[in-house]
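Chains here go by letter, A, B, C, D and E, matching the order in which they are written, and residues are numbered from 1 within each.
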Amino acid sequence: MSDLVWLIPGLPFVGAVILIFGGTNLPRRLVPVVGAGSVGLSALMTLFIGFEFLTATPTAQSYQQVVWNWIEASGFSVAFAFHLDVLSLVFIFVITFVGFLIHLYSAEFMASDEGYARFFAYLNLFVGFMLILVMADNLLLMYLGWEGVGLCSYLLIGFWYLDEKNGYAARKAFIITRVGDTAMVIGLFILFKTFGTLNIAGIQEQAPQLWVVGSSQATLIALLLLGGAVGKSAQLPLQTWLPDAMAGPSPVSALIHAATMVTAGVYIIARTHVIFELAPIALFTVGVIGALTLLIAGFSALTQYDLKRVLAYSTISQIGYMFLALGVGAWSSAIFHFMIHAFFKALLFLGAGAVIAAVHHEHDMFKMGGLRKKLPLVYWTFLIGAASLAALPFVTAGFYSKDQILWLSWASEKGNNWLFLAALIGAFITTVYTFRMVFLTFFGEVKTQVTRVPGLAINISLVVLAILSTIGGFIEIPHSMGHVQMVTDFLSPVLPVTSIRPGIESSEWIIQLAAAILSIGGLLLAYFLYMKRPSLHFKIKNSIPHLHSFWLSGWRFDSLYDWLVVRPFVYVANINKNDPFNGPYNGVVRAANFFHRILSFTQSGILRWYLIGVVIGAILILTLGIWL
Amino acid sequence: MAIIFYMASAIAVIATVMVITRHNLVHALLYLVVSFLAVAIVFYVLGAPFIAVLEIIIYAGAIVVLLIFVIMMLNLRQESVAQEKQWFSGKIIIGPLILASILLVEMLYILTSGEPAGLSENMIEAKAVGMSLYGPYVLGVELSGILLMSGIVGAYHLGRQKKKVTHRFLEKKEE
Amino acid sequence: MNVIPAEYGLILASVLFTLGLVSLLIRRNIIFMLISVEIMLNAAGIAFIVAGSKWAQPDGQVMFIFILTMAAAEVSVGLALILQMYHQLKTLDSDAANKMKG
Amino acid sequence: MLFLSERKEVVMSREDLLNIVPLFILTSAAILILFSIAIKRNHKVIYVITALSLLADFIFLVTVDTPAKGIIEPLFIFDGFGKFNFGLILITALALTMLSYAYFEQREERKEEYYILLILATLGACTLVISKHFVSLFLGLEILSVSLYSMIAYLRKRKRSDEAGIKYLIMAAFSSAFMLFGMALIYYTTGSMEFGAIASYLAPFSKLPLLMIAGLGFLLIGIGFKLGVVPFHMWIADVYEGAPLPVTSFIATVSKGGIVILLVRFFLQINGHQYTSLVVIFSVVAIASMFIGNLLALQQQNIKRILAYSSISHMGYILVAFLAGGSLGIEAVAFYLVAYFITTVGAFGILTTLSDSQRDAELFDDVRGLFWRRPWTAAIFSAMLLSLAGVPLTAGFVGEFYIVAAGVQGNMWLLVIILVINSAIGLFYYIRIISIMSEKQEAIDRPEVTLKPSVYFISGITIAALVIALFWVGIFPDRLMTLIRFLIFS
Amino acid sequence: MAIILPGFIVTLLLGGILSWIVAKQSHLYARWISLLTLLANFIAIIIIWIQNMKSPASGSSWILNFSVAWIPSFGINFHMALDGLSLLLLSLTFFLGILSVLISWKEIQSRVGLYHFCLLWVLAGITGVFLTMDLFLFYFFWEVMLIPMFFLILIWGHENRRYAAFKFFIFTQASGLLMLLSILGLYFVHGGQTGIYSFDYFQLLGTALAPKIGMWLMLGFLVAFIVKLPAVPFHAWLPDAHSEAPTAGSLVLAALMLKTGAYGLLRFIVPLFRDAAMEIAPWAMAIGVLGILYGALLAFSQTNLKRLVAYTSVSHMGFIMLGVFSFNEVAAQGVVMQMMAHGISTGALFILAGMIYERIHTRDIREMGGFWMKMPFMGATALVFTMATWGLPGLGNFVAEFLTLVGVWQVAPMLTILAAIGLVAATAYSLRILQKVFYGSPVVSMELTDLSFRERIIMGALVISIIWLGLFPQPVLNTSIEAVNVMLHPNNKVEASVLPSLKTGDAFSLREKGGSDE
């Protein structure tokens, strides 16, 4: 069965190829069958292979499969090979299953769209590339997947291409991530120069022998890889593309911009954790970036009007948590949070999509309200997702995953108080904006007509995800509550266990209590501001208009980059449009023509003038003769 | 002998200056004859009596006559003199004069730079010239015949509409 | 005083040559130009005679005879052309013959 | 005339006689035509006589086995170099004759004297290439010049023809005067007019005496005038424009070729390369010619004038090879002349076939859209122009290659680089003509040709032969190279 | 067997003439004859390739060798030889040749015969450049390919064709002449040292050059190659020529003719002037990087679609400069890949531009938009090739650029970083194409038809090739590796690589007799 590993990414590609070539000729009914079916098959394959892999005796640490030799040139050798271990299994699992659910959702959600086949083709392509990304056995192949998902993200953000705005958002997303990717590519160059290979396992093996902890080269490489991760995962300072990426259809936001692609940065850091561990500065940077991002995005989320933008900022913020976890060396916690986040954020996006579809594609939360009655299933599932996001204690999966991060950011050897504080504030804000969203959308008076009620496919996906976002947390329960460590144990062959500062284990419950209080406090605050005294939040908003618009615009990062990069680039490009290098050549031409005119003037047609020419020649010759 | 050379040279130069400053073509031609005659004397002094004679016959005689023929034929009258005066204005002369004087100075410098040499006082008689002409240079003589032939044919073709003045004259010279 | 320095002969030739040249440059009347060319050719002939005399050879004189021939042919064709030109342009102004330029 | 020489004591051996027969054939042909005119004017007959005599002369030259090097003291030398160029001039003259027929047939002028003048001019040029003495140099040059005066002004109804004739006459006589003065100075200095004797006089000098420089300088004026190099180039465009097309091509090829050969012979004999002053003077002339010629042609609208100006720069190119010296340099000059002759005759030949009875085809309007009206003509003309530009597949390319090779071997880097720059400038106006031809516009209305097609047949054959030669030499130049090398060093 | 090498060229030349002749009967004949000629050549080269892949490496990088005396007076032979590099480029040439005939099927309606004549002759010249092993012959073909190209632009080009054609011709010819000077210089230096005057590549390979002479000679070659390549600031001819040429002309220019410059760098500069090239390598690489960035910058601001694509070529060719002058094997392999991949991807973009022009008669992207709606198939192919342009992994250009950069990193990290920044800029301009042309709301009201069957074949072939190059580049890399190694390390392998049938020593013995050689 393991021989068929290549089929996991292969099947979605096959689906994509069928959809591309079949295109509009394919019967409309068949489109979702192919699209969702291929991913579903892939998910099944994952189950079987995962099962086999885990039950194999003796327990295999990893499994490699070389499909073919990709590039081999004078010592540069890279294979098209897959690598299976527990880390990738988690990701594959999330990708295929959440992916399948989102496909299922899309089958209904996009049913009336003209580009139905195109949508599924892109989506399948994305799943394929994403799987390659997480299954790649070397960094170059991973880069292939990395760029591939970027491409699909671009295509899907700009899926409704008729609107210029969407195209702009798509380009923005792509180019900004490209900046990060470029840094990563440079990292690959250095890695190759250092190790002579790009094979991840090989690098993991050699790195500790080659570098001591804190080696500058390791730091450099780690920072460059971090660059890629930051771009792809929309972290500071390359986070600005994600809110705009919401221009894509909601399933896209769910799959790409919440569950999978944006967490690729988390994956790559986890994957190359050996390097990061050798580079404490880089690792610390990861934590700081995570902390800052989660705050910045959280504050921005507080002010948004657009339902999906709230979710987008929230995604940035949550990935910030994951980065924070990585930064403090809580590797498995990051992965755990990734998984849970994939569930509830996909759920939220899908729910939001259903809401938006129901109200004539209205995105503004302030124009919604009272949808609780009209869309009960959506409401309930959305509420579950929101609770999970807000990490309401005990019943939600989000609580368990986030709590672990909070705890470790304080307790880990690499953690510190500031990071912890940031995480704590972030948790509070998260609850506030989450329930602001819930209250504004589903409570209050009815402002819009509901025209479209979700059908079976959407409901199934929502329900399944809602279940996952609830029970998903119970696989990892903190010491203070019963100590289940399924994820950490599961990942332990690949990711080291976090070392805790000695002697503080007992204080874990304090942290948990604080977190629980904060999240409930946030809920109450939101309730007070948006349900009880709805006028109050307007007052607050009006009292701090500058801060509000500052947050609304995502801390003005867009304007900053506009001024720093975009405008100068466009300006320089435009002034150069006519290629100044033509200047010298035109100058030569002009000079030649000038001399031509002068010389033509000497050809006056007058005989005596010609004779004078000869005489001058004679004088010159004699002068030269005398002079030399 | 030398004094004759100097005098003849002076006359030649002065006559030539007169030639180039006259407005009237016929006057100029008369000065030209004087110049040629003076040059003929110079030739004689330099020991080339045969050439001196040829100079008089052909340059001072034939060529000048030919020119006068044409002038008569074209019937150039008083207005041409006036025209010539007008063309021969001061401004136009300066440039060429400067150039020519530069050239002259350079030539004089070069000519006097060489080692001084005397001229032989021996006459080279017509016979010697003839021996040379029909000895080593006989093919040259034949080529000059061809040269004249091309002159005739050309002049004949170009001047055909006219009374064949030029033609007849040249035929005579061909003999 | 009896021996004439050879350079003097050449100087005479060059002075006459230059005079011819000046005339050629300043005259617009085409017949005058032809005359000027004759003066120059004659001057070149003088130079040959001087050279022949210097080396006491007849070759200079032979060359003079060829120059003479050439001058005659030149003048005859030249005059024919001048007639032609006078008939077409009704002038002897050499500057008038400037239809071709540039 | 042979009787005369037989009677004298001057010894003329059988070899000498055989050597001089080619000149004799030309002279006889001229006289034969003269008689033929006297009996009855018939264009066709005279044309045939001319063509046959040129052909016979050429055949005689190549078939009759004469000793490798014959000298007729003091005037002539018959060596391989001379004979090669003699033959080249004859064959060029033959081609021009072929092209002339159709051209003059259209014109009501009396045509017959033209052929006499053509033969005499050819004779003059041939004299130049075999002369080794000032007398033969001077006479050859003057035969050429005097014939050309009349040939240029041959079409008397054309004002421009006349104007060109007058200009050429005055300028030629003027430069001849300079040249004669220069010769006199050289004679005065060295006491001889024979190249060899001059060379042996000069041999001990490492630096030229001033008088000698002046003499050579004046001589150069005469030669430079005929070659049309800067600063003696100004006549060239006017004369090219004014002269009838076949005459223009005659001036461009035969007249210049003869002088080039003479220059090479003289310069080599006196070993001019060792005198800095001469080399500098020639280099300056070469550089100026290349630049000024090309720049003058740059935006010119008249094709004849373009070709005139381009010929200035081509002479500059030849001077580069000439200055490079060495055996390669001489070969290059000879080879380039062949290529240049083929190309120039071809280009003017095409213009000849395009001309009508009113005027010559020389304006851009005359060739506009030619590719669509007469594709073959246009293609051939393009080939000729590209050959002038030195583009591969054509003879001009190999010629240019040869020159550059000679220049590189002689380490004349400055000249060679200037040559390259000028090739690029030159390319512009050649391809400009081509682009005019490819424009998709109909040409201005011109009267239809009224001549019998058979008249054009001859021109057509000639041009076809030229095209074949152009590509043959361009693609398989080895034969010609070997021949030149063999003749020069035999 | 070796006769096939001149056979390629002769077939093309004859095919061209034949097309011209039969076009009088029917345009269709001319098209079919051109197509079949190219197809025959393509099949032949593929057969050679396959055969050669089977046989194990014989230690020699040369597969076929053909030599006859041409101009013995100068030691010039009609010498052609085929190694892996030539093989690849020939395959590319014939492949794209076939496509260029196909894309002209409808586009060219006037002077069809002459058109195909020119097209085939250009290809013949390019083939000659890739095959010849005699420097004179190389120069010969180098120039020969210009003329028909000049006519292609001049006669069948767009509005400003005259200017473009002139600029193209003069730039390339002038630079070519400088190369001729260097060739001759090398010839005489070699002859002076060994007494053997020959233009033969293998003879000249071992020439020892004084540093200064070597530098100047190298610069002569370099100018010719980097004008053709082109490298900034010698690129001024390219945007004009590319944007004014007919589609097939742009295709041949971009995909093939530029490669002759790259080929020249690899084949001549590197082995012949190793020391001099090493010395200027930093500058050359800097020029390469400048080209990458500058080309990308200008591509971004263009409004003429073909001009835009032309500037992307400038940008991509910068990688070739960078790779060649890094003297690194990996980078050199990247350069070879870049030649192939850029040929296909940029060629495809020009073809697309041509197809759009056929439909809406403008190349101004401001007048385009929303084409995806009407022409999804075209949009999809455009997507593939814009992706290739910015180097999406999985497509050929990525392999090329990555190998180049990995190689270059070994010697010049800073330049590599700058070049990598160029990749970001590449994303910007290529997405701009997609956005302006295919996305947005449709501005053209006229009826647009999606790709026809013929056009689908063309684009399909290109798409398959670029993906094949991206995913399975190994056959290409294997084919070129030997040749590239020989060029990078001339000392070890050159002797072995000369085939026994060469005899160039006897040429040009006359030269020594020529008296006045200094």
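Structural remarks
Just so it is clear, a residue touches a chain if its C-beta (ideal position, glycine included) is under 8 Å from a C-beta of that chain, and two chains touch if they have at least 3 such contacts.
Fair warning: this is a prediction, and the values are worked out from it, not measured in the lab.
Looking at the partners of chain B and chain E together, the chains they share are A, D. Touch-path distance (fewest steps) from chain A to chain D is 1. Farthest chain from chain A (centres taken as the mean of C-alpha atoms): B.
Looking at A-C alongside A-E, one finds more C-beta pairs in contact between the chains of A-E.
Among the chains, the centre nearest to the mean of all shown protein C-alpha atoms is found for E. Chain centres here are C-alpha means, and the one lying farthest from chain E is B. The geometric centre of chain B is 6 Å away from that of chain C, both derived from CA atoms. Rounded to whole angstrom, the centroid-to-centroid distance between chain A and chain B, based on C-alpha atoms, equals 102 Å.
Work out the mean CA point of chain C and of chain E, and you get 64 Å between them.
For this pair, chain C with chain D, the centres built from the Cα atoms lie 26 Å apart. The residues of chain B that reach two or more other chains are 95-96, 99-100, 103, 107, 110-111, 114, 137, 140, 144, 147, 150-151, 154-155, 158, listed in rising order.
Counting partners per residue, chain C has 6, 10, 14, 17, 20-21, 24-28, 33-34, 45, 50, 52, 54-55, 57, 59-60, 62, 66, 70, 73-74, 77, 81-82, 84, 94, 97-102 as the residues that reach two or more other chains. Multi-chain contact residues of chain D (touching two or more other chains): 135, 139, 142, 146, 149-150, 153, 156, 165-167, 170, 174, 210, 213-214, 237-238, 300. Touching pairs of chains, sorted by label, consist of A-B, A-C, A-D, A-E, B-C, B-D, C-D, D-E. Of all residues in chain B, those touching chain D in their complex are 107, 110-111, 113-114, 134-140, 142-147, 149-151, 153-158, 160.
Across the complex, chain C meets chain B through its residues 1-12, 14-23, 25-29, 31-32, 34-36, 38-39, 42, 45-46, 49-50, 52-62, 64-66, 68-77, 79-84, 86-87, 92-93.
Only residues 1-3, 5-6, 9, 12-13, 16-17, 19-20, 25, 28-29, 32, 35-36, 39, 42-43, 45-48, 50-51, 54-55, 58-59, 62-63, 66-67, 70-71, 73-74, 76, 80, 83-84, 87-88, 92-93, 95-97, 99-101, 103-104, 107-108, 111-112, 114, 116-122, 124, 128-129, 131-133, 137, 140, 144, 147-148, 150-152, 154-155, 158-159, 161-162, 166, 169-170, 173 of chain B touch chain C when the two sit together in their complex.
The part of chain D that touches chain A in the complex is made up of residues 166-167, 170-171, 174-175, 178, 210, 213-214, 217-218, 220-221, 224-225, 230-235, 237-238, 276-277, 280-281, 284, 292, 295-296, 298-300, 425.
Within the complex formed with chain C, the residues of chain D that make contact are 134-135, 138-139, 142, 146, 149-150, 153, 156, 159-160, 162-167, 169-170, 173-174, 176-177, 180-181, 183-185, 187-188, 191-193, 237-238, 241-242, 300, 302, 305.
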